[in-house]
Amino acid sequence: MTHANLPQQPTFAEIAPRLETPAMKARVADLIRRYPSPQAALLQVLWLAQHELQWLPQAAIEWSAHQCKTSPVHAYGVATFYTMYQKAPVGKFLLQICQNVTCHALGSENLIAHAEKTLGIPADGAHVSADGLFTLLRVECLGACGNGPVMQVNDDFATDVVDGVVTMPKSISLTTERFDKIVAWCRANKEKGLVRDPLGGTLAGDLGHPGAEGASAQKQNSDYAPPPPALAVKAIAGTGVALTWKAAPEITELRIEHSSTESGPWAPLATCSPKDKEFAHATGIAGDCYRIVAVSGARVAKPSQIAKAGV
Amino acid sequence: MSNYYHMPKLPSADSLRVTINVDGKDVVVPGDTNLIEALRSVGIETPHFCYHPHLPLSGNCRQCLIETEGPRGMGLAIACYTPVRAGMKVATPASSPKVAKARKTVMEFQLVNHPLDCPICDKAGECLLQENYMQAGQGESHVREDIGKQYHGAPEHRFEDTKGQDRGGKDIDIGPRIILDEERCILCDRCVRFMRHVAGDEQLYIAARGDHAFITTFPGKKLDHAYDLNTTDICPVGALTSKSFRFKHRVWNLQHTPSIDPTDALGANIWIDHDGGTVYRLMPRCNSDVNRSWIANSTRAAFEALSTNRLLDGRLQGKTVTRSEALRHMMEKLQSAKKVALVSSGHLTLEDNAAMLSLAGVLGPRAEVFGGSWLPVAKPDGIALSGDPVPNRRGVSLLGIADNLDQLVSRAAEFDVVLLAETDLWFADSKQAKALEAIPNRLVLSAWDTASVKAATCAVGINAWAEVRGCMVNIAGRLQMMQAAPVSPVDALEPAWQTLSHLAGSDWNEVIEAWKFATGICSPLASIKYSAIGSSGLQLPPSGAHT
Amino acid sequence: MADTSPKVCTVNFGKGAQDISVYKSLGGYSNVGKRLFDLSQFELIDLVTRSGLRGRGGAGFPTGMKWSFVPRGGKPVYLVVNADEGEPGTFKDHFLMLEDPHRLIEGMLICGWALGVRTAYIYVRGEFLSAVESLNKAISQAYAAGLLGANIGGSGYSLDIYVHRGAGAYICGEETALINSLEGCKGQPRLKPPFPAVSGAWSSPTCVNNVETIMALPWILENGPEAYAAIGVGRSNGTKVFSVSGDVKRPGVYECALGLPIMEMLESEQFCQGVIGDLKGVIPGGSSTPVLTTAEASDAKLDYESLAAKGTMLGSGAIIAFNSSRNVVTMLQSLTRFYAHESCGQCTPCREGTGFANRVMKTVVAGKGRDTDLQLLLDLCEGFTPTTICPLAAADAGPIESFTKKFRADFEAAIARNPERAEERLHPNFRPGAFW
């Protein structure tokens, strides 16, 4: 006996008209320019494909792999790893009821039993109600435990219907009555459905990842506002003057400068490595002033604040 | 699978040696490698599944646990991912009950959802799971019937067995050469890494997650690649098995003879696995400097020829005769010849070609030696094939034989006898070979009943590559040795060097005599003894490189 | 009663700060300019270190120290905000992103400047599409206002922020799994070292921080690290946003100074306003943290150190309270099922062990448990906890060990329902037959 409910897989030719559209092409290109490698856009492209087809047939997974220049089997592994990609067709309203610890403690099992009875389908995500509207699915934590037990209808949290809108008001949890209300709303709005953009809309004004295909972003300018060191320099006079500081990770070289007054003139005294934590100026006396110029590669920082040797 | 990989660092002869403390004893190990390799160098084997020296590290099987000193005291770590550091402290099960227990637990988890069907599993006998169980497991299982198992398998292959247990897929035709048993897979992802990083063609993947994960190709696609059979070698369990070997022979009955790929000039190192005079399969023999752990499917298939279309006796004017009759005829023709063309062969060993040179010496100025091949040369594939189908081309040229078959064609009229040894000119280029038919006596030594045998006036059977001992020089100038497996189809067959020495009247009995002759006439080989060649070959100095 | 606890991340809740003009009128983005760009990267890291801010995602690692590991000047540095809030019981980040997305963007600008980040990503779990929408809207507004993109505020610094929608995998909350997922792979944790700060996304230095951590930065820059460090107790500085759910009168997201007694959170009028029924236990920091009994909870405080002293963890600050009418056995099974479902399938002990533990719990719930099953569960936990790449298996062990120990009577009662148990008792040497 083989596993039940294996979906009929459409051919690519059957789904191509939905995927190979100019709008889709532009959207995919916009995603790919956001990352240093096209493969990174795979999860997002799978979302777009699933949105177009309401589920992810194998041909759509393969199409997504080609868009992201990765192997089809990689995309298949990814699509099967993540639970929100539907590998079989689902109803117009995918009702996902949380069964994790808070929701469970607060009675989600009763709700699931009620839902199964009301809709006449098991909550396994593999069945579509006779009217084609509903699929019922048990899911793990939805991240809205404060409203537990909770449900998501497609991508919307749903514990109530307020003013003709499916919503999740603060501290309102799902009950059997509210579940029925939501189901009634779905039936009444079956033409419209409950659809959102799968990636939460597009951006305007972004530049893309430097170097990515289609991106206009430049690499980070290395000479932007050189980091003034402002190192914690303490000069203590004793036998000479001892200087201590903390080195920043990006610093490659520290140049110590000396002056007898706070207003200069400054004379170079020594060059230290970023690993050094202190420097002793043997001929320094109380009242001498010191500052440090930090260097990071080719960038030279503004001088640090001035440290005056105390007694 | 991640994009992010480390290849294991393997120790070499000139690795820096460092002292580490293993189980309270100081030992000296290579300092530039991981603990699995370091411990192996001092004779401590660490059980593992996912680690493979020639694949990127994955660290998922967790079987190779050891204890080592970290910032929070001694703690468990996986040996494959722990680099050797001078002075480090390591504890193995020999001193640490914690490690012993951890390994035992991991082994139990490994077996929780694995079918216990060793008696009908073709991998039994060379299964890492069996081996590691004997080393690290042998615990009592907590599994019981009412808890049940979660066998691995794709939804479309699952079935319910007669006990009501949900099972994963069996006997899945995953490709033209390979059968997959999903349940037996322990998800070590060696095959995935092989296809991705070695073959460079990602065809396998672990789909889904948790204990529902399963190994798969893209649905509807087949695992099909020129190197795909390597996945059956590195599969630590009986999940991927080769169609050609499956259920042919129990592995513990096989004997293994080391040899060299006879189909390619890279000279991939192989094992001839045979029993009772029959070769059952060829397996890769690990050589980090040549083929690592891989051989091509085409190399693997070379054994099939050993029992096909062999020339076991002699041929005289197209009629079957005994070997001795054929040899007598050849001897007469050589003695009476005015001018003899001897054609050497890059398909034969250095010893065989040396014997031919010795024959040339006996015949004196009447003989001229030719060499070369008309077989087309392809590009190297970067894995285990150089693309040159003539395995010993470099060795033949080392012996001073020129690549001058074209001259033989143009000067065919000068000769009244041509002697070919294991070089099928009529197959390689029948048009050019036609010119040789002007030579009245065409004598052929061959292991197979080839086109050249058919075109010969007289032919005699010899031993094939698997049945002889001898050396070849690969495309990179590496001197490698093949050993003789006792698989000669009839006892009367002789290696080419022996037949040639008969024809020369010198009657060498041991291959070492041919080798000594070779080292005597060839300066790059001078004073090299068999014992110096070793199992992984001997790199000849570049001065011996042919120009 | 007015809420008197200090507010760092939730200060704009309910004020319509999703709109950039409102956010700005509340003082937002006022420091993105001279105040920020005049600080050196070192000063900024030092400032965050002095604030005592620790990672709010669960592990509590000092944020300043994490930043200081990031090498500069070589490969590009990435900032990835971890909004894959998946720990059962946790829902604070969702509301933080819905209510105050600009604060997250401002925090990312501060972190981005400190680390020299050119491109940053927010990895949002797939279920939070509403948060993705909210963020995308806010990011677009920030681009329009010149607060993102090239040459921000004339400083020469450029930053792009993208939202990356996950697709349903708890394990992607683990930072290396999250990076793999960001790269378009299965979300499986990587071997460490190297840690992401050195080699993370696309093998570049990558700073992965929780939403709440990043959202504390604007406040710290505005008010100074000393002001932040002054809030809280001991080494637990600042405020924490808690997600409270279960049997309380007013579950929800509450921010308070670290060190608040747990019972005050549950019972105070400004927070949850009391427990419904008799409190039986409290999970203090998300499903993976060991449960506290009522007695233990009575004097427990919400900070890293005092919860560690109680043998549990602050985790992500997800408090789940449950009363005596709840069935702890089925509650535990809902957790073992969760961890078995969310195991990435990479390491053997976790892949097979979490599933095994769940099947054992299933037999117990089904009334087919055996006396030995509780010990078996503990053995399994001991087996899979120390042997895996990431702490998911250990997260399964937390509730299993604590539930079976602290509510042992409930589990024994569940096992006592097994009718076959009598037979087991009669035959002390009884061993179940080999399965195969």
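For reference, chains read A, B and C in written order, and residue numbers begin at 1 within each chain.
Basically, a contact is a pair of C-beta atoms (placed from the backbone, for glycine too) under 8 Å apart; a residue touches a chain by one contact, two chains touch by 3 or more.
Quick caveat: nothing in here was measured; it's all calculated off a predicted structure.
Looking at CA centres, what chain is most distant from chain A?
B
Between A-B and A-C, which chain pair shares more contacting C-beta pairs?
A-C
So, comparing each chain's Cα centre against the centre of all protein Cα atoms, which one is closest?
A
Can you work out the whole-Å distance between the CA centroids of chain B and chain C?
So the centre of chain B lies 52 Å away from the centre of chain C.
Could you put a whole-Å number on the gap between the CA centroids of chain A and chain B?
Between these chains, centre-to-centre, one finds 48 Å.
Round to the nearest whole Å and give the separation of the Cα centres of chain A and chain C.
For chain A versus chain C, the centre distance works out to 15 Å.
Where in chain C do residues touch at least two different other chains?
169, 183, 185-186, 202, 341-342, 344
For chain A, which residues are shared contacts with two or more other chains?
Residue numbers touching two or more other chains: 37, 39, 74, 77, 81.
Which positions in chain B are in touch with at least two other chains?
1, 3, 206, 208-209
If we count contacts the way the header does, which residues on chain C are in touch with chain B in the complex?
Of all residues in chain C, those touching chain B are 169, 180, 183, 185-186, 188, 190-191, 199, 202-203, 340-349, 351-356, 359-360, 363, 368, 376, 379-380, 382-384, 386-389, 432-436.
For the complex, give me every residue of chain B touching chain A.
1, 3, 155-160, 201-209, 216-221
Which of the residues in chain A come into contact with chain C in the complex?
It comes out as residues 34-37, 39-44, 46-47, 68, 70, 74, 77-78, 81-85, 99-102, 104-106, 109, 140-148, 152, 155-157, 170-171, 196-210, 217-225, 227-231, 246, 248-252, 296-297, 301.
Taking the complex as given, what residues does chain C use to touch chain A?
37-38, 40-43, 45-46, 68-73, 76, 85-91, 94, 116, 118-119, 125-130, 132-137, 139-140, 143-144, 148-150, 155-158, 160-170, 181-187, 202, 243-247, 250-253, 283, 287, 318, 320, 322, 326-327, 330-331, 334-335, 337-338, 341-342, 344
In the complex formed with chain C, which residues of chain B make contact?
Where chain B meets chain C, its residues are 1-4, 6, 49, 57, 59-63, 65, 75-76, 81, 102, 105-106, 108-110, 112-113, 115-117, 141-150, 186-187, 206, 208-213.
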